[in-house]
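First chain A sits with chain B, and in the next complex the same chain sits with chain C.
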Partner chain A sequence: MKHIISVLVENESGVLSRVSGLFSARGFNIESLTVAPVGDKQTSRITLVTGGDGPIIEQILKQLHKLIPVIQVVNLSEGPHVGRELMLIKVSTERGQDKNVRDEIMDIVAIFRAQVVDATPTSLIIEVTGDNDKLHACLAMLEPYGVGEVVRTGQVALARGNRK
Partner chain B sequence: MQLTGAEIVVKCLLEQGVQTVFGYPGGAALYIYDEIYKAGDKITHILSRHEQGALHAADGYARATGRPGVAIVTSGPGATNAVTGLATAYMDSIPMVCISAQVSVPLIGNDAFQEVDTVGITRSCTKHNYLVRDVRDLARVLREAFFIANSGRPGPVLVDIPKDVSNTKTDYAPPSGEVTIRSYRPTTKGHQRQVRRAVEMLQVAERPLLYTGGGVILANAWEELRWLTNALNLPITHTLMGLGSFPASDVRFLGMLGMHGTYEANMAVSNCDLLVAIGARFDDRVTGKISSFAPHAKIIHIDVDPTSISKNVRVDLPIVGDVRLVLNQINALVREEKAEQKQPDRQAWWQEIAEWRKKDCLRFTQGPEVIEAQYVIQSLCTLTEGQAIIATDVGQHQMWAAQFYGFQEARHWLTSGGLGTMGYGLPAAMGAQVAFPKRQVVVISGDGSIQMNIQELGTCLQYNLPIKIIILNNGYLGMVRQWQELFYERRYAETDIANAPDFVKVAEAYGALGLRTDRPEEVMPLLRQGLAHPGTVVMDFRVRRESNVYPMVPAGGALQDMILGELL
Partner chain C sequence: MKHIISVLVENESGVLSRVSGLFSARGFNIESLTVAPVGDKQTSRITLVTGGDGPIIEQILKQLHKLIPVIQVVNLSEGPHVGRELMLIKVSTERGQDKNVRDEIMDIVAIFRAQVVDATPTSLIIEVTGDNDKLHACLAMLEPYGVGEVVRTGQVALARGNRK
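Right after this comes the complex of A and B.
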């Protein structure tokens, strides 16, 4: 099962390699990882997605907490939470003689509440935000038109309500 | 007060009560060493012959005294040579602060002369490390380093100081109050409800067993452990790291458990109904096959490090906290509840243990022709009454020392348990001897291990350290040879090292006394002579070439399936 773990750390040099080094040294796997300073810039929030059974996740949480610059570790998957990922997709608009290609793509963009953020005579860049499933679905819909490059962020997430 | 970085280093060492440091100078460390020189009346610096020696010496000092050991090395190769020492201390949770010099800040990242990414290299073998780019952070970082090294689960902390930082002035203020780090607050006291449950479980257990490790010694908790063991009359076994916590001569002590543990200890683990793990971490050398470990037991685990709990073995009752404080809580409750009167009759359990003991699993025969290594250690134990500080290297001699030297006191046993570092013994003994100049400090080593840091004889002689070095010389890398004999059809791949140097001449070349014998009847007289000599002594005992450490649990085997050896 996938777990979204939110780690609040001191915003100091080397802290990211302490976290990622822990995962590689102990053979834990990281599916995605995002990091950025938050609040007063004294701290950073690392959100990482990892997998493993109960005891492994328990070890991951404890080992993360053991790192000196780690202030707080929360397993968001333990409760209701909102998770989002962002993807940029470059789609070709040159398929065959079909003049409706752009319209069709715009329909897909609308369905997924995505946005076109760049357009050229031969391509569009589409920005789509959502959870993992939605991004997959959107990408699958666009694939027949000829998807060029794709970039995506890792997941970020917050617990719902007052839970921290 | 305006001070340079180097002056702040010395100030902070003095703040921490540091009187002894171990190290090796170099280009980037020149400013720091200049201040060490000027502070010569307050801080004694012991110059090793290799940085690894300095780190192990600081480690030995820490294990023998309980105070953090301090080492200073230069940048580049100085720092890389320190890595084995850091990793050794990290695996055994030894409090240490290593100050490494670094190239000047503007040169960092430029592949400068003697530059390495020290914090990058040492990140995974230190509890924490720092690169101090701004001299204004230096005093805070050094105070944090000592605090982190010596609190919670202890460990080595490295502080990397660029050369220009050590020569830049800034305001220095003495420390104001305790160090606080918002992201680092180790748990200290045990949860009272868990403690109560532990006492309840102890009270009803019919076949209880205490299994204790290095954490008892790190927490200075052996008095509390002894009280509990005696009050409830419990059988107790130690890990390699725990030796000395409980007197080996006491009938409650079953010896060491695990791969080379005693028959009675391993059988007790396999048959107990309650296993109380205290400051131990269920290492693979202790548990053998995990699924067969303590199969009938409920397990209580007391440890300061939450990551140790349920890492290898699921436990029924975890108690996170400083071992000493938790034991105090347990002991108070035992007293209050008069728990000893509520216990069931355990005569049947003691009877079983007595039967296992009758195997006499460490039995060996000293014949008239060839010296048995076990006999040398047993003789040493007799002559020193189990009161010497013993440092070892790694291999057969280490296991025999653990089995045959009956430790009566904690902090008398310096051995690299987790990392298994050959070359640890001699420098670690230096650290202990510097801390306790009047005590008998003995290195038990092998002909392989001793050659890994034999250059430290130079340090012993420079500082008149009267260390006694026993080499159990069998011309083999004996432990590896033993495995080759048992599991690789006697193909002795690269383990024959019979063309060793003449250790007597080596000793003499350094200015030490060298002694040698291959006669069993000379073992005692030679040990007496060596131990009585006022200076450094190397004693070369030519022992049986092919001899194995028994009992032995093959790697991955279950404890109850141990091999008992030729005699049994």
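Right after this comes the complex of A and C.
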């Protein structure tokens, strides 16, 4: 089972290394992780996605709570939540001298409510957001046109309604 | 100066902790970081944003290169690039029984080309993507309506054109 763990921390040098170290010390792979400042810039929110066993996750969460710069730890997968991520995909358009090919790419962009965020004579950069499945589907549709570099943010999530 | 560092790594337990540890060992604060699998799932791309001095960054990049699971290191800030991030903002709508208030919120959503990704009787979750300035501007516009939790992915970026 996938767990989405949200950790609010004070901005201190080394906190990310310590949080991620708690997982790797147990051989737990962190599938994705994001960290960025929120609010007053004194705090950052880490969102990490990991697979694995309930009881071991519980143990890790307890240890996270004990780290000094950690303010709050929530396992968002335990209740209703909204998870989204962003992907940038570079698509080659050298073949796109052919207008049909460009049109096909733009159709895919429209279907996935994606957007073109950069264009050069030889490439487009496409931004798409959504859940994991949508991102993979969009990437699979673009692959025949020649995909270059790809970068994903990994998932961020918030609990639905007033739940924290 | 802000540096956007893109690091392609093999998916090994502990790699994130080692990469982030290289920065914290020098007292360098990582402003934001994202890591997620790309391609064949054997590799992940880390994008991190950090401030600081050119020569020290150069040193850190050299040491990153030497880490075994690191395949490629690029300082994207050294050339033209496209950087984007995603933010989820929970807005209270308890006052939103008043239709005018809901309309005002939806106007802000439209102005920033944001989208509502969840709604309950007491809250909305709004997704907005763009650069740092746009995200802050959108958040500032929503604050008077009562902002709850906020989560950001941190920036991801790709080089423009055929540059890697």
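Everything that follows uses one rule, which is that the second predicted complex is superposed on the first by the 159 of 164 C-alpha atoms of A that agree within 3 Å, B and C clash if a C-alpha of one lies under 4 Å from a C-alpha of the other, contacts with A are read in each partner's own complex, and residues count from 1 in each chain.
Assume contacts are C-beta pairs under 8 Å (C-beta built on N, C-alpha and C of every residue); 3 or more make two chains touch, one makes a residue touch a chain.
Keep in mind that this is a model prediction, so the values were computed, not measured.
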| item | value |
| --- | --- |
| Partner chain(s) touched by A:Pro69 [first = chain B, second = chain C, both, neither] | first |
| Which of chain B and chain C A:Gly161 touches, first, second, both or neither | second |
| Contacts of A:Gln59 with chain B and chain C, given as first, second, both or neither | first |
| First (chain B), second (chain C), both or neither touched by A:Phe28 | second |
| Contacts of A:Arg45 with chain B and chain C, given as first, second, both or neither | second |
| Chain B or chain C, by number of chain A residues touched | C |
| Partner chain(s) touched by A:Ser17 [first = chain B, second = chain C, both, neither] | both |
| Touching partner for A:Lys134 - first (chain B), second (chain C), both, neither | neither |
| Set intersection of chain A contacts, chain C complex versus chain B complex | 13-14, 17, 21 |
| In the complex with chain A, residue positions of chain B that touch it | 119-120, 123-124, 127-128, 131, 148, 181-184, 305-307, 310-311, 314 |
| Sites on chain C touched by chain A in the complex | 6, 11, 13-14, 16-17, 20-21, 23-24, 27-39, 44-45, 47, 82, 84-86, 88, 90, 117-118, 120, 122-123, 125, 127, 129, 148-154, 156-162, 164 |
| Chain A - residues contacting chain B, complex | 9-10, 13-14, 17-18, 21, 25, 55, 58-59, 62-63, 65-66, 68-71 |
